[in-house]
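Got some structures for you, see below.
Two complexes, one shared chain (chain A), two partners (chain B, chain C).
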Partner chain A sequence: MVDGDTIVLQCRDISVHYGDVVALSDLSVAFDRGKIHAVVGQNGAGKTTFARAVAGLVSAQNGQILIDGKAIPPGNVSGARQAGVELVHQSFALPPSFSVAETMQFGAQNRAVYSRKGLEKRWQKHLDALDVKVSAGQRIRDLPVETQQSVEIARALVTKARVLILDEPTAVLSPEGTAKLFERVRRLQEIGVTVILILHKIREVLAIADTVTVLRGGLLVEGPIDTSGIDAARLSELIIGPDLRVVDEDDRAALTGSAAVAHTTAMKEAADGPPVLDVRSLSTRVDPDGPALDTVDLTIAAGEIVGVAGVEGNGQRTLVRAISALADVSAGTIELDGVTMTDAAMKARRLAGLRVIPFERNVEGLSLSSTLWQNWSIRMLLERSILAFIQPAELRKRCNDALDIWDVRYDNVSQLAGSLSGGNAQKVILAREMDDQARLIIAAQPTRGLDIGATSFVWDSLRKAKHRGCGILFISSDLDEIMDVCDRVVVMLSGRIVEAFEPPYDLKKIGAAMTGLSK
Partner chain B sequence: MSDRIVSIIRALIFIVLALALCGVIFSIAGYSATGMFQAIIDGAFFRNNALTHALRWGMPLFITAVGVAISFRAGYFNIGAQGQFYMGAICAAFAADWLNGLPAAIVIPVCFLAGTTGGALWSLWPGLLRLKSGADEVITTLMGNFLAGLLLVYVTSGPLKDPSGSGQQASSTPLDAAYRISTSAGLSPVIIAIAALVGISMWLLVNRTAYGVLSGLAGRNATMVNWQGAKLVNIGLASFIISGALAGLAGTVELLGPNGRLASGFLPAHGFTAILIALVANLSITGIAIVAFFFGGLASAALYLPVIAGLPATAIEIINASIALFITAKSGVIDRLVRWRKGR
Partner chain C sequence: MHDIIIAILRSGTPLIYVTLAAVIAQRAGIWHLGLEGLMIVGACATILTIVATGSVFIALCVAIVLCVLMSILFWFVVEKLKANQIIAGLGLTGLGLGGTAFAVEAIFGTQAAVSAEFGLPRIGPMFGSYGVLSILVVLMPVCVIFMWVLLRRTRFGLRLAASGEHPFAARSVGVRTDLMRLAALMIGGVLCAIGGAELAAGSLQIFSQNMTAGRGFMAFTAAIFGAGQPIGATLAAVFFAVVGAAGIRAQLVFGDRVPHDLLLGLPYIATIFGIWLSAKLRGGTKAVTGFGELRDS
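Coming up: the complex of A and B.
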């Protein structure tokens, strides 16, 4: 055996640009056969681009990718597939209306004619062999997220995959789900598959990977490093980089998921007056965006950040929509600052101080093809009559001032929101929703997709609002973030609040509540 | 480069490309392309009274096109301007018939009221279907065009039929001259005043009210506006109603002005040309004023070509169709071209 034979995947000087943005620059890295490799870095570090380049989904502008010493054609999915590279996407790409068997067939050899029974029989064996507990006849849309992911992995292994890349597979999983995934990954390693995991949290890297490779800003920082020779603190330094020394220690740990932060600084001033949010026995009808709420009780005092943990799709969205007068309430009451608002229109709720940072920044939060000043001023405009006279010049000036205070990087307020980076776009939303009249701020996934600088900016802003006396409802699927930021945590499961936690938090207990195992 | 300049350049590129394509088509059809363009430009803008004619055709087109822009801005593809235009004319004609004999100071305002209401109602039902049950407004407004066209045939050969008509084309009894707001030449201070009023009020609505900003935002991202708590239904209905009312107003202007009576199938391309104008002008009210004048010129040239120059009037339709063709390429080639220029 020649020396180079231990290397299964080698990247030589890969660079990928999207327009003016450099996503990867001169990346050279080599991965050994038969090991579990982790690739880590903050958002925007180039992890996903790396995965997509290796799988042939994006074409590197220069450089070479070699599998078993043979160069694969750039930007060619079937070429990468033939060489044995398979990618499981971050957001699953399975067709929801297909059955499991059809999905598997889809990724395999094409045969024009097949019988449903034959397909199911054929693929059930494959699924059983990989210990994926699912019936091949079930439809994708009926499966829980974790099973969908297992199916996607099984689909990727239909061909003789030698390198399996999983792009942020843990982002959608509960801690238990993550543990199960890691078992599965280890079994794949045993049958000789080289697994590359794109990960976000140091805890997970150290739990599963043999080596770790750190990317930052499209550049290779270091790697692959043997995980036996590195500790969480050092790894967190590599990921964050030198420029963010200011971020406090707890935040750093939460940002990189290096340790479960025992948040103990719960600061509850004896708030006089009514709570800013008082939701009692709230139930809704089925919402187009998620399950119905089932007798939810939730109180948020002034100066308190309450976190909602839970696997995505367990009613968090319906909760936000109900408080924002978007979901159809069937029973129960909603009070804002002591005033009953159960049937009030959003305008009245806004005037009472309700502010919402929605889940999907680019869809629910901003109109990307509209100007910054229009995006920024919509909240104020909606507080007036629809025929109210406006002076765009004055709005532009006020928008300009507000965006400057929030340190948004932009050219002028007439540029389109779509031209901003994710962090800057989120700051525009913060500038709109976190004004001085805010009483209750709903922050739904406010840091999703943001880099470390922008994430800690969002956290600091929320903490400042809390010290001003705002109540904050903080929704996130990232437990490290929730535990670091929140004074109290409730867990949602299937439209209900199943358990509440006070600091110091126990990651395991919260995780168990998320999957319903604690009861 | 500011967005405004980009959209002007884009509109110019549309027209130049469309004219180039027309030149090719004219040549293939055996006409001298330069001669054809010469005749069209003469007919549109340089013969005697050409500007008056361009304005005569441009004014009603402007009014309807502004209405189209109002609904397109809010994200609703109300392509029923033609039907709403007809309904406006029909309702105004009924009002005039009903009040025949009363003083003009009563009849004319009532006709305008009836015409705008008729147009608005003809836009309201597709709007309600769209906003309450999600029925695609493109389909319903298109059907509305056919229904209104058939209704016009019925009205002109039934209830309002001119008994002394020649029988070549069904039409209503000509209006009393006292009720006309212009001669058949079609340009009068009243019409100019109406167009100006529409232009100014709609410009203010779009650029100086909360509705203007909100409807634009809703048109580009309704989900976001919904999350902000706006009543999308109200914004949508207002947009449908305004756009229908303006088309109805244009129908009334045509009836009380140049036409003087209702004729079956009159101005069959009016609403579609208005859509074209709104799109070329990128839905800007000021832009529509300029583009409507240009298309008004083409419309008057269409009448001039066969009579004076002995050329086919369909040349103008080919020009319109070519412009429409390039507008559909809007988001593709031309945007990329503009971006490329910006990048340098």
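Coming up: the complex of A and C.
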């Protein structure tokens, strides 16, 4: 055993199951005081579960969690907070209607009754001390994500936090925001807070952390290892593990974020004829899903993958909605394959070859309470008369064939879509949307939440579609992925396309454009 | 003029108490459609206990205890057994309406109205014509302000609101959302009992079947109308009371020219208008009741 004095957090044999799914099994790990620790792993490796178990949000079925050598009761947030453990969630846990001051207050311990002025004054001091630039009277829902994150970190520090866990804090940030966050983390380290960062990019791990711990499939692979004694290649091996799939070098780098960012595979297969998508000076009215588009120009040629980079919430959703006839267009034109479609209904656009892999797989993409064959065949209903008969038996058979081609793992086509895992569910959508008549495929965050195998499957599929001559609009908040897959990258900021990039890409320049610093 | 104000205070006070119950439930994330049932149980228990014991104090205690017990039952069904809130609430209302009718029938052998010899204490002749109002009418503004402080200016209120709006955020700071909901429903039970007592014993001293006549649902509407804010919802309840009083007045004045039933429906037409208006102004109210977020993505 390591010297007890230097260890602040120790986990002994903790296991967590959700029903039949084992999220963590017999994890034993110890973290030193006053350092910055990283915990890495693929999706589903158990990182978030680990964080929540330590914070008391999920109850470990067995094992012990010790803070400063004292066991804290499992599944008890108050107990964990009293021991000094605070967790900042990946998607922030802040009630949107609360003001910043109220957010601080509801997790604090002092003063049960307050006046609004006193409350705002008191917490403004706290925010100023932490150098969070926000007014205590503002409502959470009015704040940009980066500020929300700072607020949640400030919220976590209202009590004497000794161990601060940040769950994938960089997932919502631009490279610029990430740099600022890391500065903040270092300052916290200076005042004696032990910080545990859940990350999934090797580049970030090596930039900030003192030690790194690797999880895979709910098991501890190795760690904590000093980051000085490990390089990106070795770390990516630990994360991916002895995966049998042969992964292209660039893909591997993108998957783990270890890229030194040299992209070699991007190349156009440009064809003659009109572009598949031609958007000119497109503006929309304000959309419930994001800011209005402001004179957006975008063309996609046949056989071209164009990536849209940007911090989430800068109009990517509005762009997809405008192309799929959901947003109110106020000016400009949309052409598909040379045919003006600005005011056309979705049916006409689909017949012209528009296909959409939507942002929310389980909300917009699939009806989870319907069967696979219903989900798969739904698009065909648009192609026929509304009174046309349907033959379920035939559709089931065709669905069966299609899903087999797409390598979906399922029992039978009559099972509910909700019973599939994320990767398989996404393959059902691919099978539906990437048919032979597709001309323009919008892939909105197609790999979010998928594991490495499913992610590279999606990339392969998109590349195959590209070779068939489809134009692809690829939207992602993961820059490594965008730079690996796309032939051209445009950056969206506040509903506008602010800059376009061609390979070889420069991560720093794209990042600067995302935050509006390059202008 | 005075008689109109007295009429509004008399019909408005029970509604306001129950509205506050609706507000606290809504803030805790519960769509409470059982208010009607709790209110009538409060009304029935008050009158029957006055008849049986002759004590108003004991009557209020019995009403409160019964309503709190029913609230705990409701909490158990929706929180522990995970039943649908709407169905369980309607069930609670059915239980209240049917149970009180059954109780009266079982005790007196008839479904006729039960009248007590006296009701709640009045504020007395020194207030002139307002002296006929009960002490609960005077207590009402105090109660509204108390609820405003509790919900808007205490940490308890913040935690309650977080439990309703974003349960995961509440649990992240160690709040037991189930206990917050229990507290909200129990406080709501007390308020419904008081509202029912005021309705039955505040001016009439009588209990008749179905005498709440939809006030519980109106209170539910007022809470939505007021966006879950105690003051706003109270104003909405006052608005309904004013419309109701105006409806009665209109019957007296235009009763010979306008169909009687149309005038009776006036408060309900105003309610529908109110819902439409509040939805238009705010884009609807949202109460998140999610328990599914605790999965590793």
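Note that the second predicted complex is superposed on the first by the 506 of 519 C-alpha atoms of A that agree within 3 Å, B and C clash if a C-alpha of one lies under 4 Å from a C-alpha of the other, contacts with A are read in each partner's own complex, and residues count from 1 in each chain.
In this text, a residue touches a chain if its C-beta (ideal position, glycine included) is under 8 Å from a C-beta of that chain, and two chains touch if they have at least 3 such contacts.
It should be emphasised that the depicted structure is a prediction, and the values quoted were computed from it without experimental measurement.
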item: Partner chain(s) touched by A:R317 [first = chain B, second = chain C, both, neither]; value: neither
item: Touching partner for A:L366 - first (chain B), second (chain C), both, neither; value: first
item: A:M346 touches, of chain B and chain C: first, second, both or neither?; value: first
item: Interface residues of chain A shared between complexes with chain B and chain C; value: none
item: Of all residues in chain A, those that touch chain C in their complex; value: 18, 23, 43-44, 46-49, 52, 55-58, 76-81, 87, 89-90, 93-98, 102, 105-108, 111-116, 449
item: Touching residues (chain side chain C, partner chain A) in the complex; value: 149, 153-156, 158-159, 161-162, 165-166, 168-175, 294-297
item: Residues on chain B engaged by chain A in the complex (per definition of touch); value: 2-3, 207-214, 216-217, 220-221, 223-231, 234-235, 238
item: Parts of chain A lying in touch with chain B, wherever the complex brings them together; value: 324-326, 345-347, 349-350, 356, 358, 363-370, 374-375, 377-379, 381-382, 384-392, 414
